[in-house]
Amino acid sequence: MLKIAVLGVGRIGRMHAENIAAHPRAALAGVFDVHGPSAQEVSQKLGVKQFESAEAVFASGEVDAVLIATSTPTHADLLEKAIAAGKPVLCEKPIDLSLERVNACAAKIAGTSIPIMLGFVRRFDTGHRAVRQAIESGAIGDLHQVIITSRDPGMAPASYIEVSGGIFRDMTIHDFDMARFILGEDVTEVSATGSRLVDPALMQKCGDYDTVTVVLKTASGKQCIINNSRRAIYGYDQRVEALGSGGMAISENRPLNTMRLYSESFTDQAAPLMNFFIERYADAFAAEISSFVDAVEKGTPTEVGFEDGRQALILAEAAMLSIAEGRSVNTNEIG
Amino acid sequence: MLKIAVLGVGRIGRMHAENIAAHPRAALAGVFDVHGPSAQEVSQKLGVKQFESAEAVFASGEVDAVLIATSTPTHADLLEKAIAAGKPVLCEKPIDLSLERVNACAAKIAGTSIPIMLGFVRRFDTGHRAVRQAIESGAIGDLHQVIITSRDPGMAPASYIEVSGGIFRDMTIHDFDMARFILGEDVTEVSATGSRLVDPALMQKCGDYDTVTVVLKTASGKQCIINNSRRAIYGYDQRVEALGSGGMAISENRPLNTMRLYSESFTDQAAPLMNFFIERYADAFAAEISSFVDAVEKGTPTEVGFEDGRQALILAEAAMLSIAEGRSVNTNEIG
Amino acid sequence: MLKIAVLGVGRIGRMHAENIAAHPRAALAGVFDVHGPSAQEVSQKLGVKQFESAEAVFASGEVDAVLIATSTPTHADLLEKAIAAGKPVLCEKPIDLSLERVNACAAKIAGTSIPIMLGFVRRFDTGHRAVRQAIESGAIGDLHQVIITSRDPGMAPASYIEVSGGIFRDMTIHDFDMARFILGEDVTEVSATGSRLVDPALMQKCGDYDTVTVVLKTASGKQCIINNSRRAIYGYDQRVEALGSGGMAISENRPLNTMRLYSESFTDQAAPLMNFFIERYADAFAAEISSFVDAVEKGTPTEVGFEDGRQALILAEAAMLSIAEGRSVNTNEIG
Amino acid sequence: MLKIAVLGVGRIGRMHAENIAAHPRAALAGVFDVHGPSAQEVSQKLGVKQFESAEAVFASGEVDAVLIATSTPTHADLLEKAIAAGKPVLCEKPIDLSLERVNACAAKIAGTSIPIMLGFVRRFDTGHRAVRQAIESGAIGDLHQVIITSRDPGMAPASYIEVSGGIFRDMTIHDFDMARFILGEDVTEVSATGSRLVDPALMQKCGDYDTVTVVLKTASGKQCIINNSRRAIYGYDQRVEALGSGGMAISENRPLNTMRLYSESFTDQAAPLMNFFIERYADAFAAEISSFVDAVEKGTPTEVGFEDGRQALILAEAAMLSIAEGRSVNTNEIG
């Protein structure tokens, strides 16, 4: 049993804590949150220790590993401390909104053999993984074109959007990682387009976009199209399509249930899509914990590493530069 | 070019006349209808001869073959006359509502080498044929169970229902033939259930049913379930499902177009189903003409013969007896 | 927290024990199994008490309710003892293979106010429930016809089949309950057909069938068609279709993941279906526990009661009689 | 009956001739082809006049209108002559590969009231039209993002590719028109990416691409993503997806038939897609003729005009410039 402590028990951290508690090969070693009452509630609900500080977690002999689900600006610091304390770490994305800070963090932890895993949970979705497996097995031949459709069911509150770092670092970051996961090859060119259609006033105010398209290209010419919207009224739209020389594989959406309705004015109608990531990726979040436990216990590389987090951020920066200058950006120009 | 005359140009006969006129290997030799103005309209529209009588058609040297689409009670007589005149015949179903009359007709034409084809058009649907092909090719192994779902989009007028011969002879007759087409083996047992749910008063008056289920079984134990309704509000529901030891094949429905709609309250909604047989089986009606032309020109057996029409009627009679006596009926008890 | 003890920790009992342990409003009070090592393993794994006997469970002040997942022949006895001890009980189906024994049990517990729930888990599937909801809400109008397709992915071992009580009491029993759940009205007529196609030798030996069709009819004429096969090679086929005067609702199957594959010879290919009930109905098993906890804590009637178990068994007996005598059987003839 | 002559009876022209001959409100007035034997074969097959020259067609009093389906370099000349002769014209796309030549043609025919229609047939597909209708009716709210997936089933012969004018003018041209049809608003920005993945050697030789992505943006910020491949091994992939503030509409693909196959290793497998445009857009080609007849007979504007052809070509040129310079191109920079 790997004893994992959870730092930060907001919505995602709490879910992770419950998943760890329910995991057959992991145990929840305790929780910590700067907001004491939150930590207390979770510790009581799950019957585990409430730590007084992050430092207490890192110092504890009862903690084998840590999961960082605190607010974004604290990720890099906590990650560095966890590594310094010799604790394997599973860190929610992003490492930091600043590539400079991420690079500094990378320098600090360079050479460590302590397992580090980034929380790009979508890699653990069975549908998306089946697409990658179809590529790796040769089932669809040489990969030519990828389309990642990723649309949130509704705009987050303005207070969140304003500190999110912008759509590319906050939302598309998941798709940049998915693109790298599916492409299996470094991206060299990035071309982005942004629009303000869902909430133009807020977007204008933040200098942000709510509807974006990003086209990525690898050295060998593979293309990946990412399309994002902050609001798909029909639910959380999460699709991955891969075209190869020998076929195509698509990871389709998941409606709330399997019922289909027929009436005088329509047929074969499904329920709305699962809404939101906690529901849609519930299985993937559990599988992510399993993958982390495996890596720590078996000493194998984590499936999503620190460098994956850094590369996704480089693509976000390239997309911002592409929009700013109305041109295709080479990833070498960044980072 | 096979010169075919059409007898009876009501809704179906007219469609046949147009299909023949447009067929690359057939020509429309002319039309006849007891209702002169109907024949006149079609003959003018398609630029072909209007015959004065059925006898004139049979006597004409310009007619290679005939298609019988007159009212049901005239089918058997016209078919006998066509054979007597040496004209190959494509006859709309049913041959007659009376098995006795059909048997008499069979006796009269016994031994003829003139091609006779019955208009069980569904056999020519590409989806249903693909199911049969999946069985014949061994793709789904040994056949175990068949489900034929066949529901009309709306109840026919009372005036039609009253002279239709009842649901089994009028509507299920197509499904009995489809069952035989898919089963590829004689049916030995018939068990039927009938309800009056769509228009109870009319059904009561006619001694008929609007919602029926028939279970057929072959000597080797293969089962076929037919379910019918006189009214499926979502359109003309036409599905065929075949379960075998090695897999399953389903011929699915056809919506009006390929568009799928997503909204706040639903996803993946399709248009209503094609409505009605003229639209749903348009390709099949054209393919039926091709099959007839092939049989006549190549001298090969017709794909649906007189005996197929007789066997379907036997199953209809068995279903009626099954309901009347609340028991499973052996087909040997009929005809 | 409702403290529930589990009696019998074979495959299903163990799953129930894990679900109870993970349930937010239930606690696992302990386990018992006549096979001590099984109980020991589960008790250690989940960190709960291993009871020495069923009697010890019923006598324990630490047990609020019991879940019976022992072998079928012990169900009725344990259920009676649980009620005698005042413990609410969730009992796996069937109550007993003998209707006589079930009736005796019913007499013994008559008038009790202790909650009794039967484990017809499919009622808790979100897809099947959505079909019922479509009926109750009026979304599909008056119900006319129901089709329940229920096929196991593979034949159970001969040793199991031989003591199963036959396909109707062992397998179709679930579908009889689903039929009652969806029809919302008592079944009056039963007509069944059985074949030996999957393993004819074994079926012959047991006087059993591996491929059956049952047609049910209610007093108002609603029809329900159940079709079963002991082996659907493509997985665990679980569909429910309801046709009404205003539309149709279908609960569709669940493939293993959402990936669709396209190649030179096919398109839109899905993965095999989830296989078997533990996977397919995982969510439903968890929801069943929730429903039981609700009934006990709120004092509301259980969603599936003892009488539901008895009625399903009556339909099984009627189906057997129908096949034996080749006729439609009125449910009044049974029980 | 509108008497239409067809100029050019290669594969497409011949299909048009057959469609006109079978059309209820049109008549085939004759055919012409620079390759005499081709014209002769079609004229004999369809029983119509073979004209000796294009000039003879334009001079004929028996010709109400002309359909131009000759080789691309002759389109503009013939179109000008048809207009000069007062004959309404339905011209296959593109008008010309050279925007300069198209502009000259535009100048020459400026002010004419003779109906001119361009053969962008996809606008007449029932699925794609339903998407546009969903937008126009407000069913999906304000349009935000469009994805057009358009992939040919296989690379055309090298001899064709070499004179095609490149993928944007030859293949994407249809998608540029579809984008304009769906967006309902002028495109202002074009950003394109091209790769050589299907036949790198041939593409290198021709300075062409076989795998491209184009992102279009309108003044109001609406985005349209076009993705093309010269080879989708699973068939002719033709999808249109429109995301709006109130929902989404997708025009899906059409497999060869409605059969779905299930086996040990997969479920719900469909047949390959219809292949190629003659089959996939058969209904649309017939509807295109109807639309042309309507416009001529009723004096209403043609549904696809000369300017639509010119605008599509402008987008093609913008895409080429975008790739050449690695930047987003404003359509004002072209033409």
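Every chain is named by a letter (A, B, C and D) in the order it is written, and numbering of its residues begins at 1.
What we mean here is this: a contact is a pair of C-beta atoms (placed from the backbone, for glycine too) under 8 Å apart; a residue touches a chain by one contact, two chains touch by 3 or more.
All values derive from a computational prediction rather than experimental measurement.
Chemist: Counting one step per pair of touching chains, how few steps separate chain C from chain D?
Modeler: Each step joins two touching chains, and the minimum needed here is 1.
Chemist: What chains do chain B and chain D have as common neighbours?
Modeler: Chains that touch both chain B and chain D, as defined above, are A, C.
Chemist: For the chain pairs A-B and A-D, which is connected through the larger number of C-beta pairs in contact?
Modeler: Of A-D and A-B, it is A-D that has more C-beta pairs in contact.
Chemist: Farthest from chain B in C-alpha centre terms, which chain would that be?
Modeler: Checked the centroid distances; the maximum from chain B is A.
Chemist: Taking each chain's centre as the mean of its CA atoms, how far is chain A from chain D in angstrom?
Modeler: A distance of 41 Å separates the two centres.
Chemist: Would you kindly tell me how far, in whole Å, the mean C-alpha position of chain B lies from that of chain A?
Modeler: Centres of chain A and chain B (C-alpha means) sit 57 Å apart.
Chemist: Can you pull out the residues of chain D that are in contact with at least two other chains?
Modeler: Residues 232-234, 246-248, 253, 261-264, 271 of chain D each touch two or more of the other chains.
Chemist: In the complex, go through chain C and note every residue touching chain D.
Modeler: 232-235, 253, 255, 261-273
Chemist: Per the contact definition, I'd like the list of chain D residues that touch chain B in the complex.
Modeler: Result: residues 22, 126-127, 129-131, 134, 139-140, 246-254, 256-264, 271 of chain D touch chain B.
Chemist: Touching chain D in the complex: which residues of chain A?
Modeler: Touching chain D: residues 141-142, 144-145, 147, 149, 151, 189, 191, 193, 195-198, 211, 213, 215, 217, 221-223, 225, 227, 229, 231-234, 237, 243, 245-248, 326-328 of chain A.
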